[in-house]
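Have a look at this one before I ask anything.
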Amino acid sequence: MITNPLLDAMGVAKNYGAVAALRNASLSVLPGEVHALMGANGAGKSTLVKILTGAIRSDAGHVLIRGEARDVRSPAAARRAGLLPVYQEPALIPDLDVLSNLRLTGTPVEPFRAWVRELGIPNLDIRETARHIPLAVLRVLDLARALAVEPDVLLLDEMTAALPANLAEKVLEVVRRQGDSGRSVIFISHRFVEISALCDRATVLRDGVTVGVVDIEPGVEEKIVEMMLGARIEKTSVAAARMANETPAAKDSHPRLAVRNLQLGTKLHDVSFDLANGEVAGVVALEGQGQDELFAALAGSIRPAGGTIAVDGAPIKFSHPSDAIRAGIAYVPGDRTEALAMQRSVRENIALPFSAAPRKWGPIRVRRERMVVSSAIARLQIDTRAQGEVQRLSGGNQQKVTIARWIAADARTILCFDPTRGIDVGTKQEIYKLLRELAGLGKSVLFYTSELEEVQRVCDRVIVIFGGRVVDTFPVELADEPALMRAAYGLPRGAREDVGILADIRPASDTETAP
Amino acid sequence: AGKYTIGISNTVQGNGWREEMICAMKAQALASGEVAKLNIAHRNTDAAGQLEDIRNLISAKVDAIVVNPADPAGIKSGLEEATKAGIVVVAVDQAVTEPSAYIISNNQEQYAYLGAKWLFQQMGGKGEVLYMRGAAGASADSDRDKGFKQALAEFPDVKVAQEVFTGWQQDQAKQQILSFLATGTPINGIWTSGIDNVIVDALVEQQAPMVPVVGADNAGFVGQLNTVKDLVGAAVTNPGSIGGAGVTLALQILDGKKPAQQTVLVEPQLWENATDEGKAKVKTAADPSLSPEWPVSISIPDWTTYTKDQIVACKGPGE
Amino acid sequence: MTTSATMPQAASFGGRLKRFMADRPLIPLVILLVILVMILQILRPGIVNERWIANTAKFAIPLAILAGCQTMTMLTGGIDLSVGTVATMSAFIMATQIVNQDPAVAFVLAMLPAVLIGLVNGVGVGVFRVHPLIMTLGTSLIGTGFLQVYQRTVIASGARIPDFLNWLGTGLTYGFPNALFLFVPVAVLIVFTLNRTGFGRLLYAVGDNERAARLSGVRYWQVITALYVISSLLAGITGLLYIGLIKAPSLSLAEPLVLPSVAAAVIGGTSIFGGRGGYMGTIIGALILTVLTTLLTILHMPEGGRRILFGFIVLFVTAAYLRIIEDR
Amino acid sequence: MTRFLRNQGWVAGLLALLIFLFVVTRLIQPGYGSGDFGSLVRAVLPYAFAVAAQTVVVIAGGIDLSVAAMMALTSVTAASMMNGASEEYAFFVVPFVLAMGLVLGALNGLLIVVTRVPDIVVTLATLFVLQGAALLVLDAPGGAAAEWLKATVVGTMPIPGLPDWTDAWVPKALVLLVVCLFVVWLPLRRSRLGLSIYAIGSNELAAFRSGVPVARTRIFAYALSGLFAALGGLSLTISTGIGAPIPGPYLLASVAAVVLGGVALGGGKGGLLGPIIAVFVLRLVRTDLTLLAIDPNVTTIIEGAIMVAVVMFGAFITIRGRPAGATP
């Protein structure tokens, strides 16, 4: 029997001035299916989701819902039609508490609570103001809110990108059950593991055009990547490349960065580690183990309560990011909206640190700046079609700009906080390569990632943080995914439990005695 | 020192005329020797705000309140309450509708009538006049409008070429007159509601043909009447020192010397420089040492007893 | 699947025109200005002459400089409502101090309160994070109070407008207002600062995303303090120019320019939310407002009607302009 | 408890300040009693409505510069309609004027939504329009108010079961204020519509994506603001017995009280209670300054300084109280 599609979009197009975000996109979702929407950064995935859910209007194309032509003009109308999105950015109202947020959208409270528990957040305070809730939890709440009204089609735009592994896992589980119970899910992710574990079919977008629909079966990844990237495909093992053409940097007497007994409220306890010149050190941690605070403290954004930070052997106190920058430490936050002036040009964003100090407030040396900036742009292969305003770049290209800034400023130490969050495979490869190159030039990189497989590709050494403490440090050779996973949960190395990304995890209480 | 506490309420701040009025009140209170303390509420506000001030003065248990009303009718209830509380109420500058209040007022209607009539006569009873009013919607402005219209009715051949509201703002008036001059519309006279010296300035700057100008007795304008070549004009007095007169009246009432009438009108005078006799008068009236926004008539015979130094010092009892 | 996206190349003439103007946002503004002048000329034939143009420029210049203060502060998401008070203070102090003081001393005394108020504004906004609207409103109240107290101490000494300011404010050279000698350098400086200096860039960055600026090493309070001091200095200089033009020191001299200065910046395309705008637009915005005021002055209609018309025209101009430049 | 302090600490602090001021007032003027309190409430009335009007739109992320002009227009309309009319006619006038405020407010919102011009500019334009309209209704202060209306704010409210000395502290004006404001506001705040107002002020995009009808909510917020402003206008007519076409000092006062009351300019935060208490504080400060017979020019300085100081203090404690690590 042929089932009719629940949602059928055809010929969807959307222009932003000269930029065509979508040119001819189509998408057909069957009842009960988990349908992946894939594409490189800037392919138009988010745009399509926004059009389907009435957040923006398309320039062309039609959408059929349950076979009927529907003109969805607003998110409210989409809700009524049974379409519920979780966008790439959290949609909870920051100044309202969770309960008010629910009331605002007419979401029933009890089912919401049930979903929240199911999604791995056992003790949510429903009167907490959304502004005070961490990003990852907000994303989960956003999802729970959508689930609570039992939508026919759930649209998840990079739902798992900002989530730590433990929460991501719960999300995947829940999504899969949605499909089982006859409802459809449109699932956007750059992580193939998730796609293959979860989805039935995938629609692939390239440059705003649907280039194909494939069934998910073993080995289909290659094909999808090919479709996604067109001619751009290039697949080298970075790790291998690293081994081949890098001579380890000469050991200096002082490490680039020496952190000793760093203390910060309840978040960090006695954190000590070194970062050598020419080294990429990976930080591995579950959500909320203090890694945010660690990076913020090293970046000069928050002042630690105790402990010392020494750069090149000289102890330094940071009271403002500019102090850290002066010491050659640059911070690339995970949330790019935090790092970019969205209405300004790519060039201005990259050149921003040059003007920061009062003695640099004078006339800009335009030619020199243009040279430095364009070499950084070229190095990161930023798509500059919409460079007049950074907000018009796709998420991935925005992320590149945040890194390009510090390449241009020639920072010696780069703190990268989950830089590949929501970035397509092609771009990810470029970033891995870049980080390795930087290390090759003698620069030091501290690299936190929520995707464990990246550790092996990029890092020389792994620092594991659990409960605000450094619980382990080991060379990358030992860092296969199961080992990392175990370490991240605070399990001592050498323990036997099988903790894979999709396996059941043990209750946290078991692990508490571990470190 | 004296024995009375006098409350003062005024609702326009930062305007030369009103500042002189306040200084006159202070100087008179000091000169009289009867006042122990002045309690001054002086700010920019409306009738409701003035009601608030009056009630605060009642709370402060003053013996008399001298008020320049934001509006004749709008503060009636407050004044009534004051009288009930045994406080002597004197309104200065403008009338109030509260029957128990004493009024010592400049006659605004007469002010406009006098100047306009002189102007129309200067114009030979015909021609076009530029009518530069005060602030739209202010009660003094509408009183003056009545006087102006009355004079206009007596000269059927005089036409209003243009009517503008200066808002009693120097800069606005200057921009308006310059725009108007640029249109090249011929005029035969200019009537102003006391924003006068910028108008003469503009005529001089633009080398426009001098026409008769009527203004108030502001120091700046009176000076111009003496010095600016070819300027024929008249200054109509509108003494800010009426404030001092109000204090005198209040003290008289407190001392048990009630005036025969509830209302005392101070009639305006007109000083012109068209005649030799007028010129002499204008010359004696001029006072270049005063700030140009201050009226030169800094005292009112029979009503004020302070010296020029006292009003210029602007100090009340106990300061 | 026949519906294809409208490609830029295929756009209609109207669309191309719109794009053309959107990329050059000054053009529609200039067109608006020309239309207003044309209406004026039709209503009063002959009014648009050399003398009128000079007069318009004289009044537009002080407005444009104050609007420059607003443009710069608005770029950071702020606003400076104290410019009116600051301008009035320096004008008043100049006019009264010149009577007994050396001109240079009088000038310094006149600019002193400007620097002080700017500093207080800057510290309040930059360090204590008080909302600029409240901060500048508060300092303007405080300034007005001080000015009133000061006024009483100088009533007896009278006031005089220095000849130089007179020359600057009202004089003409070959038919051009002398005020241009002050304005052109100031305007060039502001435009250059905004577009070609590190400081200008920081104004945009701070207004757009303060956290991003911070992460790039920018110290917010430094930028903001410098900004408000500069804004106040410009306002103080405007006050001196303005007193030369009006020639009558009063305690509310420049106060009526405050709201129009905000309006001029907004009409000129500067976003009050920060991060977007420029000074060239503001200059034309100031010209538009000045011409509009003239237009309404010469209309024969009741004052109420005039104000209604003014309100609607300001709204219409801003709306039309935004329509043209948005969706680039 | 900590959350309560975080959310309501500012309001509690203001209340403490108000009580402190009452004590100070009693010390300055030992005779300060219930009658004087009644005067205070009557003075507060127009300000309170103005600040309520401002609060609603500020919470919705906007600002309304036309509040005072709206009060002037509704005030002159009411006064001129009641002029020479029968007492009963006022029963028609009151709802008419309120409806007028509601509609004109909604029009403000509609213009903002349709033209997409920033609130501050649209309401600046409507400020002129409403002012002009007020001048067309009455070109000078005048009109009248029905006696029974005037009586609604005079005297105290006898409350059965309470001793007279308590009743004496319940002026009718206070009852009127509480009824008009909180009867509208409290149920609204908890409703979906009220939450929507907070939502669009907090994050418009997120609100839109949560299915909030942003445009409609904004129009509603402005309509409500218009309604409160109309109440303010009526209260002016009631207390003065006339209507005045020149707006009083309510615009800046309303903005100041909103900020003092703990409502963030920018939207999404705060409530109505804080700003209303702030109005009481500001009025009581005025009373104290009058009672103390402070030099009137100095009072301007003091009022400005208090505003700046309180807000700086507020900013200071928020900087202090910011939890470590909240902004990495």
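We call the chains A, B, C and D, going by the order they appear; numbering starts again at 1 in every chain.
The definition used in the following text is that contacts are C-beta pairs under 8 Å (C-beta built on N, C-alpha and C of every residue); 3 or more make two chains touch, one makes a residue touch a chain.
In UniProt terms, the chains line up like this: A = Sugar ABC transporter ATP-binding protein; C = ABC transporter permease; D = Autoinducer 2 import system permease protein LsrD.
What you see is a predicted model; the values in this text were computed from it and never measured.
Trainee: By mean C-alpha position, what chain is farthest away from subunit C (ABC transporter permease)?
Mentor: Measuring from the centre of subunit C (ABC transporter permease), the most distant chain centre belongs to A.
Trainee: How big is the gap, in whole Å, between where the Cα atoms of subunit C (ABC transporter permease) centre and where those of subunit D centre?
Mentor: Computed from C-alpha means, the inter-chain centre distance equals 30 Å.
Trainee: Hey, how far is the Cα centre of subunit B from the one of subunit D, in Å?
Mentor: It comes to 34 Å between the two C-alpha centres.
Trainee: Between subunit A and subunit C (ABC transporter permease), what distance separates the C-alpha centroids? Give it in angstrom.
Mentor: The mean C-alpha positions of subunit A and subunit C (ABC transporter permease) differ by 44 Å.
Trainee: Considering subunit B alone, which of its residues make contact with at least two other chains?
Mentor: Each of 13, 136 in subunit B touches at least two other chains.
Trainee: Going by the touch rule set out above, which residues of subunit D reach two or more other chains?
Mentor: Within subunit D, residues 134-135, 139, 295, 297, 299-300, 327 contact more than one other chain.
Trainee: Would you mind listing the residues of subunit C (ABC transporter permease) that make contact with two or more other chains?
Mentor: As it turns out, subunit C (ABC transporter permease) has residues touching two or more other chains at 144, 148, 152, 211, 303-304.
Trainee: By the touch definition up top, name every chain pair that qualifies.
Mentor: Once each pair is checked, the touching ones are A-C, A-D, B-C, B-D, C-D.
Trainee: Report the residues of subunit C (ABC transporter permease) in contact with subunit A in the complex, numbered from low to high.
Mentor: Where subunit C (ABC transporter permease) meets subunit A, its residues are 1-8, 19, 192, 196-199, 201-202, 204-205, 208-209, 211-219, 222, 226, 275-276, 327-328.
Trainee: Across the complex, what residues on subunit D touch subunit C (ABC transporter permease)?
Mentor: 111, 115-118, 120-122, 124-137, 139, 252, 255-256, 259, 264-266, 295, 297-305, 307-308, 311-312, 315-316, 318-319, 327
Trainee: Which residues, counting only subunit A, touch subunit D once they are in their complex?
Mentor: Interface residues on the subunit A side: 55, 74-76, 78-79, 85, 87, 89-96, 100-101, 103-106, 127-128, 132, 264-265, 267, 292-293, 295-296, 299, 301-303, 305, 333.
Trainee: Per the contact definition, I'd like the list of subunit C (ABC transporter permease) residues that touch subunit B in the complex.
Mentor: Contacts found on subunit C (ABC transporter permease): 44, 46-47, 49, 51-52, 55, 58-59, 144, 147-148, 151-152, 154-159, 170, 242, 245-254, 256-257, 290, 293-294, 297-298, 300, 303-304.
Trainee: Using the touch definition from the top, list the residues of subunit D that touch subunit A in their complex.
Mentor: Checking each residue of subunit D against subunit A gives 3, 192, 195-196, 198-199, 201-203, 205-213, 268-269, 324-328.
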